[in-house]
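Just below sit the structures, each encoded as structure tokens.
You will see subunit A twice below: alongside subunit B first, and alongside subunit C after that.
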Partner chain A sequence: MDAAFYLQMTITAVVLSLLYILMASGFNLVFGIIGIVNFAHGTFYMLGATFVYWFMKSYGWSYFFAGIASVALAYGIGWLCERYLMRGVRGDILGSIIITLGLLMIFQSAAQIIWGEWDKAVPSPVTGVINIGGAFLPWETVLPMVGALVVMMLLYWFLMYTKLGLSLRAVTNNREAAALMGININFSYSLGFAIGCTLAAAAGVLIAPLWSISSTMGSTPLWKTFIVVILGGMGSLPGAVVAGILLGVVDSFVTTLFSSAAAHIFGFGIIITILVFRPRGLMGQI
Partner chain B sequence: MLKRWTSIGVALVVAVSLVVVFLARYAKPAAAEKTGTFVIGAITPMSGLGASWGIPQTKGLGMAVDSINKAGGVRIGDTHYAIDLKLMDSKLDTAEAVSCCHKLIEQYKVKAIFTSDSAAGVAIRDIRDAAKVIGMDSGWSRDISKGTKYQFRFQPGSYETSLALYRYIKKIDGPGTKIAVLDPDYEGGWADTNYVKSWAKKYNLDLVFSEFYTPGTKDFTPILTKLLRKKPSYIDAGCSGGDYPILIKQAYDMGYRGTLIYKGDTMVRDMLEIAGPERAFGVHATFGLLDFVSKKATSEQRAVYKKVMETVGYVNTLLFTSYDGVFMLKQAWEGSGSLDADVVCNWLRTHEWHSIARGENIRVAPEAAGIYHGNKGCATTAPVSLVQMRPGGIYESWCLEAPEWESEFHEPPKNIKK
Partner chain C sequence: MKLKRLKLTMPVLYIFVAAIILLALPYITGVNSYWLRIFVIIGINTVMALTLRLILLTGLMNLAHPTFMAIGAYFSIFAMTRFQLPFLVGLIGGGLVAGICALILSYPFLRVKGVYFFLITLTFLEMFRIAISNYWRDWFNGADGIYGLMAPTIGGFQFTSLAPFYYLCLVVLLITFAICWRIEKSWSGSVLLSIRDADMLSRCVGINIMSWKAYVFVIGCSLAGVAGGILAFLVGGVNPNNFGFPYAVDIQVFVIVGGMGTIWGPILGALLFGGLGDFLRGLGGYALLVNGSVLVLIILFLPAGLIDFPSRIRQLIRRPAVDAREK
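Entry: the complex of A and B
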């Protein structure tokens, strides 16, 4: 097996890893701040992709403009969901699970009714293929890679260097202390939830030109997100990065070298092994 | 005088009254037209994976039922029955299909159930047979009708199409031609891979790669990385439903310029929409719409085609065959004069029926309970044919050599590669 073969697998691993990291970061943000498991997270991924298709198809917007509008719309929906739906079940784990599951069903069914059952496609803003020593890297694959890195850098900058980001981190660390320091907890919750949904939608926007779009496209990314989050540690953003890379590599290399069934066995095998010795995940704190 | 006229008047009134009473009591009333309704069902994926099969099927069934009902329904004896169509979304899930089947049989007392995929067809096969409900299936696997009494495959599947296709590949490319097969990991995919393996062996083709993938896969690059190293001349992704356009797209982007095969035309719309005309160029399917679009199309077929385009807006083999299948059952119900499954199935096996899809009268062949004409290959669709996408989204069809079929339409190209 030559270098081109391994390079092709590495390219695939990078794309998958970045997608998983982006999804898991949003999920962890929500869990870290609000303490809920958002079962509708994959649905926001679907909505991001569907919105960009809708804006491009119905209004003729460019991909970039449609993408920005899509994440903005997802942000707004996320905010409204937290403000009017989640706030009433704050602290109630079962209630929050039921509501997020309900949101999953509602959004998925609504997407099916509004945009139809057929798979849809978003034309890529970039075309062409780069041949790197026999390995093929389409430009439309470079787009989600670069896009995901930009989004992650923006997230990092926001959380580390802005006042709002600092307040979110404070709430994550100690809710009561943050409230005593004058941080508006309700606002932080809504912001955190909305940003989490936005990150999922951004992943959907970035992947839309690469794959097809359907109302059920969020289910696989959701359970992959669960794997990454549990493996990396619930609420841990650095853990999401490490686990996302691990899962991306396993998915790419094991599927290519063996089979997709083997990738499932291998992937879950690693997760179980790690969790046996480290129940809180690779970098989890709870 | 007055007394006499009074007497006559009274006598007349009495006589008329007696006549009226007599007529009311003994005269037969004019026969009132009897009406009734019975139900047929469909268990087909109308959402998610498989929607590209299920939705055309529902369109075809709906059009046929509407057409029959508007024309007076199904006439059995002196009763005109309207058909009530119940559609159930199987979501391409076996458990869901079984649940839908029980509902259709127990709640709606259906007379027939249509399916579009092997997973559902195989899963409900024995349930339908036990309940004496006629099954009309278009899935890939021959197991759908194997050993059953009331189940029929009403369009060719992988067994027939792979046979014809691989025989054709050997003819034009010679023995030893490299083939790769990639199928989804469910009933239809398993059946397709088995048939491909047997026909490749029979025709001395070199099967260099064979693997199953998880249905719903969006990223084929890991599998394609491995597959493309084998340098196949043909990639047969025979049963891949909604995944196929993505597969075409990614194979093209990874540099593959050989021939991709998809055995069925349900994906034409998706190929163009998702893969794009450039990537779809050169993709081949092995049965198409020859009957309806070729020079030999009958006026009846052209009328159906026109109606479909006006009503639905796109063409699709499963739509036509489902449409045809309902009319087949109508002829069987009326011809046998019964709704009883035993009587109807016996009629189907002993009588010819008129197929709109074939434009001629055909009869169910006894073997495999398939709806085949004894010596003309597969029924209810075009003979096994080749469809090639051209730039601009146009596709042309050629008739392949089916086992007992002579090429009647366009002369196929000597080399089916681009």
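Entry: the complex of A and C
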């Protein structure tokens, strides 16, 4: 129980928070624009990590190149899924849930058939440690932190300072009015879904060197995303950031001090408490 | 006159034939056969699908349905092995305990609706599974589950073959069907639908929506608990992973793919997909792939479920050039 122990917990908390924020903001973007619960979100996280493994192992690409290619591939797959599957059940919440559940099954079993069931690992592109006042911070955990911050800043810039981002925000706000203003709703839906999937895949790419890769790696982040999303409020990006930090800290500390099962139960306890007092989440509109 | 009498007797005839088939099924398939086992599992799945649809009438999609099943299953096991209670008492007690848990949980859960309810029941499902596979090991025996249960007895009658399980399941299924049918076809069914379609308006005309939602939630969950008790003794044990996310998805699939417009949809869905798990296991890693593709195709091409299939075919024959989805 010395300083290094607490520093380790803090580092884990930061990594987990950033992972949850990335996952939850992608989820919330999709929910805000299309209004569906994307169960395949965890699968895109898994696909992102698995594509990195595939590109690095089979084609010998470097981590950065493989990461960018993997994110681009996830964007394409997300776009195709929205264009050819989600569009058929637009406006039907239960139908779209079943479609995303079907996608979850298809992608997960496809990954298991193609890349095998065993745990895979990706070497980190950076090695070594930084010495901060006697405590050591490995570079390989700094990389996902920096990467996640860059991705979040890109997302913020895209949503706030570009015309496409403005159109996405308009669609989130009022679909009919946006359509009347000449915004192509179909294009916005595809774009929003693809960007949501890309954010999940980016989280997978950034986490790939740290954790082991397997076809079922997406399920735990999916649960955590749901907790973050309920906690922060559905469709609210600031809510995702606040709740992501909260859950990341709680998860890291409870897992280290007790167990990962206790972290799950603690997360659920927080949700119930929040729901009794604020049924729409911390930042949701009442 | 003659025609009228014929019309009156036709449904009676259907019911008569169905009753004979249902009653004689163990002797058609053999009292200990693999097929009878699948039919009992289909029966349990049908109870789950029907009660899920009952809750869905108010617009609440309860993903924690397997959890209440687990509560009933564990209670009926504890009643037999720890409290030395008769099997039937344990079974009904399991239903009551599941109902009481549902009543307590309905306060936080029913404060939210729609997607929020969906997600919170989902996290509850996962939390419960993780809790019983990691804590109170001397009661729940962790992730290994409890196995090696004795065959139950009812009033001195020993369950030596699968046939008594079948008839027990049939009785529970018929009771469930009768409850769901009565609630849906009486004025309370209209109340539930009004809550689903316009909850604020129903509140304004004096309907207490919280208590109505709690009413169907408790009834549905306690029947799920009874189904869990039967499942536990049919399999001879339970495992926390039996009541996880995959099973929750399966029940949703029965209801949505079967069609949730009528009470027959979940029955059809459970009949077609309920026993499918055993057959698909032969496909190994491809089972999930096939299952997922079938799901996506059915939802895309039959949005109102499989129960809608005959009318879609009729529509296609009548007007072949018009696609029904392009309104």
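Here is the rule we use: the second predicted complex is superposed on the first by the 275 of 286 C-alpha atoms of A that agree within 3 Å, B and C clash if a C-alpha of one lies under 4 Å from a C-alpha of the other, contacts with A are read in each partner's own complex, and residues count from 1 in each chain.
Here is the rule we use: a residue touches a chain if its C-beta (ideal position, glycine included) is under 8 Å from a C-beta of that chain, and two chains touch if they have at least 3 such contacts.
Keep in mind it's a predicted model, so treat the numbers as computed, not measured.
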item: Partner chain in contact with A:D119 - subunit B first, subunit C second, else both or neither; value: first
item: Partner chain in contact with A:V37 - subunit B first, subunit C second, else both or neither; value: second
item: Partner chain(s) touched by A:I98 [first = subunit B, second = subunit C, both, neither]; value: second
item: Partner chain in contact with A:T216 - subunit B first, subunit C second, else both or neither; value: first
item: Partner chain in contact with A:S188 - subunit B first, subunit C second, else both or neither; value: neither
item: Which of subunit B and subunit C A:S259 touches, first, second, both or neither; value: both
item: Touching partner for A:M9 - first (subunit B), second (subunit C), both, neither; value: first
item: Intersection of the subunit A residues that touch subunit B with those that touch subunit C; value: 112, 117, 259, 261, 264
item: Touching residues on subunit C, where the partner in the complex is subunit A; value: 61, 107-108, 111-112, 114-116, 118-120, 122-124, 126-127, 130-131, 133-135, 245, 249, 252-253, 256-257, 260, 285-289, 291-293, 295-296, 299-300, 303, 325
item: Residue ranges of subunit A touching subunit C (in the complex, touch as defined); value: 31, 37, 85, 88-89, 92-95, 97-99, 101-106, 108-110, 112-113, 117, 219, 223, 226-227, 229-230, 234, 259, 261, 264-265, 267-268, 271-272, 275-276, 279-280
item: Partner subunit B, residues of subunit A touching it in the complex; value: 5, 8-9, 11-12, 15-16, 112, 117-121, 123, 129, 131, 136, 138, 140-141, 210-212, 214-217, 220, 251-253, 255-257, 259-261, 263-264
item: Subunit A partner contacts - residues on subunit B that touch it in the complex; value: 46-49, 51-52, 55, 185, 211-214, 216-219, 221-223, 225-226, 229, 242, 245-246, 253-255, 269-270, 273-274, 276
